[in-house]
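Take this structure, written in structure tokens, and hold onto it; I'll ask about it next.
Naming follows writing order (A, B, C, D and E), and every chain is counted from residue 1.
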Amino acid sequence: GGRPGRELVLATTTSTEDSGLLDYLLPYFTERTGIQVKVVAVGTGQALEMGRKGDADVLLVHAKPDELKFVADGYGTERHDVMYNDFIIIGPAADPAGIKGLADVKEAFRLIAAAQATFVSRGDNSGTHKKEKAIWAAMETVLAGDWYVEVGQGMGATLGIADEKQGYLLIDRATYLAQKASISLEIMVEGDELLLNQYGVIPVNPARHDGINERGARMFVEWLISDEAQELIGKFGVEEFGQPLFFPNAGR
Amino acid sequence: MNHPVAAVDLRKSYNGRLVLAADEFRLAAGQVTALVGPSGAGKTTLLRLAAGLETPDSGELYWFGRPSNAADLAARRRLGFVFQMPRLFSGTVYENLAYGLRLRGLGEGEIRERVERLLQQVGLSEFSAQVARSLSGGEQQRVALARTLITGPEVIFLDEPTANLDPPNVKAIEELVTGYCREQGAAVAWVTHNIFQARRCSQQLVFLAEGRVVEAGPTHRLVQEAAEARTRAFLSGEMIY
Amino acid sequence: MNHPVAAVDLRKSYNGRLVLAADEFRLAAGQVTALVGPSGAGKTTLLRLAAGLETPDSGELYWFGRPSNAADLAARRRLGFVFQMPRLFSGTVYENLAYGLRLRGLGEGEIRERVERLLQQVGLSEFSAQVARSLSGGEQQRVALARTLITGPEVIFLDEPTANLDPPNVKAIEELVTGYCREQGAAVAWVTHNIFQARRCSQQLVFLAEGRVVEAGPTHRLVQEAAEARTRAFLSGEMIY
Amino acid sequence: MLQGLREALGMLWGGDAELWGIIARSLLVSLTAVALAAAVGVPLGAAVGLRRFRGRTLLRRVLRTFMGLPPVVVGLIVYLTLSRSGPLGPLDLLFTPTAMIIAQFLLALPIVAALAAGTVEGIDEQVREAALTLGATARQAEYKVLAEARRGLVTAVAAAYGRVAAEVGAVMLVGGNIRGYTRVMTTAIALETRQGQYGLAIGLGLVLIVISFLVNMIVEAGGEAR
Amino acid sequence: MLQGLREALGMLWGGDAELWGIIARSLLVSLTAVALAAAVGVPLGAAVGLRRFRGRTLLRRVLRTFMGLPPVVVGLIVYLTLSRSGPLGPLDLLFTPTAMIIAQFLLALPIVAALAAGTVEGIDEQVREAALTLGATARQAEYKVLAEARRGLVTAVAAAYGRVAAEVGAVMLVGGNIRGYTRVMTTAIALETRQGQYGLAIGLGLVLIVISFLVNMIVEAGGEAR
């Protein structure tokens, strides 16, 4: 079989679609190449699984260790950095744990745990969740009790819950900015190097399945890390939010 | 005389066709009023109107001397109706008979006693536990009658209650109903196609045809000197079918 | 003589109670066989078994000289059944009559013609477009009969087909059925509680009681010299109810 | 996939406290919601099926349409109502099992009512009349019709249960899928799916189906018994 | 919320091509799925309701249970079947409207069948016997029962339509919610919800409900007509 070479299936995490980045970016790609991109936005784990099963031609995700393993296992042919944004800790204005303005995430986490202040976790093994777990792992906190709420949902939904519960939350800046207007939580901690959120692009290995759109995937990767696309990424969101949502860093 | 049911000028049309126009209709306490007439004459319609199951297009209806009112539960509970086709509930014969008594709040002991007596009277003692709808046609007809009689109504509307019965059973049912009528002073309206039955059991007779009351009066008088040819033909037994 | 339906040793129990045990039962072509007997005797059960609507616990059944087989559509289509309670389909009277003809692939013109003829014969010409289930009891009974006769069956099972009819209508139906039987050479099984009807219309008679064939034979002979007291009592008209 | 099923079964046998907790919570939420929907929906359906009143046809059509209420929309409406900034915010019900019951109740109600209406319409007017002539009040006569329509009502309730027990959109929104508190079978399945754990997701799905099967058996038995 | 509704209606009136495309696609997918489910489910339900065969009780119970198939699980099973690495991979149906129709068909089938079975059981055995004595084949007699059960069957189909038209879990998985290709009303609503556009999500939901209402009216009219 095989889809017509004009179509490409891109599996990606919900953040790229929900932020509007892909709707903004893809028309340019289609114009250049004539290739229609079919975006399937799912959880990170699900996107990788789609790649393993050969149901997507190319992946755009943000869970670097998993991505590297994916390529090492032979499911993908290569991996390129595309862009990054960063995670931030947001929380209620009252700031019961007293973390506002801290530069050290670990210190912030420790204070939250010590105060038993409500903390809302994605709890879904997504890139964001893994980042959060990595930070917790550095200390000996027992993640149990009413204060630690594991919701098992996407970023947007988790943000809604945190806002309702007036809890702290680790969130990617793009999602925060996109929904900032409708919530009351404020930025507490930002800027720690630990909080970088790297996105990568991976063409699925055509050798493992019939019908992978190898050529399309290659063109997509090449275009995404090209100067044109990188520049577009850097401009996205500036008009609306006064700052970019993603920072291009291909080849850097 | 005491007339628990009285109606004036009842009219009913279906889809623009007038199927009943009864100037006067009364049921006397302690008497059986036979309703006879051709198929489609309006006998069932008249019963249904008189029992409040159907709303007349016009006319007046009185129950126990007062304007009828379907919301008047107490009055309605003094009426009983046995449909032309038995409409038994799912469940056993016992449950069918017990239903009306349960509604009236009787205790289970009293219910059992009454059900057993009634079933015996209609010859169905052994069928108490049988699924009612699996009974034979004639058996179902008797259950339907018993189910109504058991509630002790003062007015009973019977729509061809013995149509599916053999002669001995007809005899038993006739005796049961006329006995009840006499003893309880109940008013009975009894639709039948059997002229012998009408003669045997009724004191009053109403002859309907094409939606109109052709003739009405005491049965013995009409049998001897009906004014209308059709009534005479029917009552004379000239047509015994 | 030609017997389109013949059965030997038919037995049927419900919930362990034997309700029918008929050693022999036959229907002769061109003749009406009356089935009489008390309510619950097993008349309906016998008809249903003979028509293949019910499976006997044991016994043999032959249709047109061959073992009966419900899957044999051609044979089944030569049988007709009129139920004790009319089971009309939703829709109009016309649609009810047309149904059997449509199944047989007749054209709409032919259907209309036949329906009109049959409706006239049962006195329901004006009711063609009425919703069948809104008819009066006797009207429904006639539609049920007409719906079966219209298919031209060679064997007809009639379960109390005139129970809800007035004398003139009974007369008309009797003439219709006996005429059909004679002219078409059809075999007719006719359950009735009316001894006059049995005498008038049947050549053969079967008297059932408590699930057994008490007596069977030519009607005129049984009327004169029935062996059993019960049969005599019934046939003599001593019990006219 | 077999692997996932094995894993799910292993958790069951192994007495995995979290899984059993999820199962218990699912049953609690869905059964409560359906019980409430039956309590309101059966009388409502009976009224629509049996009574003649203005707007009856419209109401029936609305109920039928609402059999297809999108769970996400119901979830959103409940969400916005219970939200801190919503009219019922002070009750503090958002992200609780109660909120999930409310949402599932709203989904189940039109299903029970519309199917019940259809069922009682099928039972002949004759039953109602017979009951009336035997001395029943209008309400008692309706009840008799319902009793005769018992099997159909059981089917209606089973359909509603099927809908809500399988539903994920509404409970996800108003419950929040909070681990140990509002996580139920369907939201757990959705979570496993998002993580690409298809085997485990299907395994949990099979467990859910088996539960539904058992619930159905019990409900049916209840319907036959009376 | 009103704002969102206004926005949704504005898009409708404004002839927003994308929205109208989504509506058309939703109708195409759900109506096709339900039509297929009716074609298979009505005869299946009739068989379960009317025939006596071994395993009938079990089959009926299974159908009832499957009224509650979790959409996500059905979606996953269809996904794994149609996946490139699944048995039907070569057909290349994943993330197509066809895949969505298959998933919704599987969800609708048990609903149609179980409700149809309940409905025909309610129609008396008497109708079937009457048809048989008038010369119907076993099949024709069953058809007559179905014809008498018409209104109940319409309700069954309406219930199934309601289920699939509102369903999001299965179509999201097997369709992928691809813009302009497999995005339907419910997946669009889910997307808006994820983006926090609650108003617009509810607006779209109301549009979906209005569509269901119209579909119901048409289906009902069809049921009365015959």
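Operating definition for what follows: a contact is a pair of C-beta atoms (placed from the backbone, for glycine too) under 8 Å apart; a residue touches a chain by one contact, two chains touch by 3 or more.
Since this is a predicted model, take the numbers as computed values, not measurements.
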Per the touch definition, the chains contacting both subunit C and subunit D are B, E
Could you tell me which pair, A-E or B-D, is linked by more C-beta pairs in contact? A-E
Which chain's centre, taken as the mean of its Cα atoms, is farthest from the centre of subunit C? A
The distance between the C-alpha centres of subunit A and subunit C, rounded to whole Å, is 81
Subunit C to subunit E, mean C-alpha position gap in Å, rounds to 47
Centroid distance [mean C-alpha coordinates] between subunit E and subunit B, Å: 51
Give the residues of subunit A that touch two or more other chains, as numbers and ranges in rising order. 154, 157
Quick check: what residues of subunit C touch more than one other chain, meaning two or more? none
Where in subunit D do residues touch two or more other chains at once? 173, 193, 198
If you go through all the chains, which pairs of them touch? A-D, A-E, B-C, B-D, C-E, D-E
Residue numbers of subunit B touching subunit D in their complex, please. 51, 53, 71, 73, 76-77, 79-81, 83, 87, 89-90, 99-100, 103-104, 147-148, 151
Footprint of subunit D on subunit E - complex, ascending: 1, 61-62, 64-73, 76-77, 79-80, 111, 114-115, 118-119, 121-123, 149, 151-152, 155, 158-159, 161-163, 165-166, 168-169, 173, 185-186, 189-190, 193, 198, 201-202, 205-206, 208-209, 212-213, 216-217, 220
Spell out the part of subunit A that touches subunit E in their complex, as residue ranges. 1-3, 9, 14, 17-18, 23, 38-41, 53-55, 154, 156-157, 159-160, 178-179, 182, 209-212
Which residues of subunit B touch subunit C once you look at their complex with the stated criterion? 14-15, 36-41, 43-45, 84-85, 130, 134-139, 142, 159-160, 162-171, 174, 193-197, 234, 239-241
For the subunit E and subunit A complex, residues of the former touching the latter: 79, 83-86, 89-92, 94-95, 176-179, 181, 191, 193-196
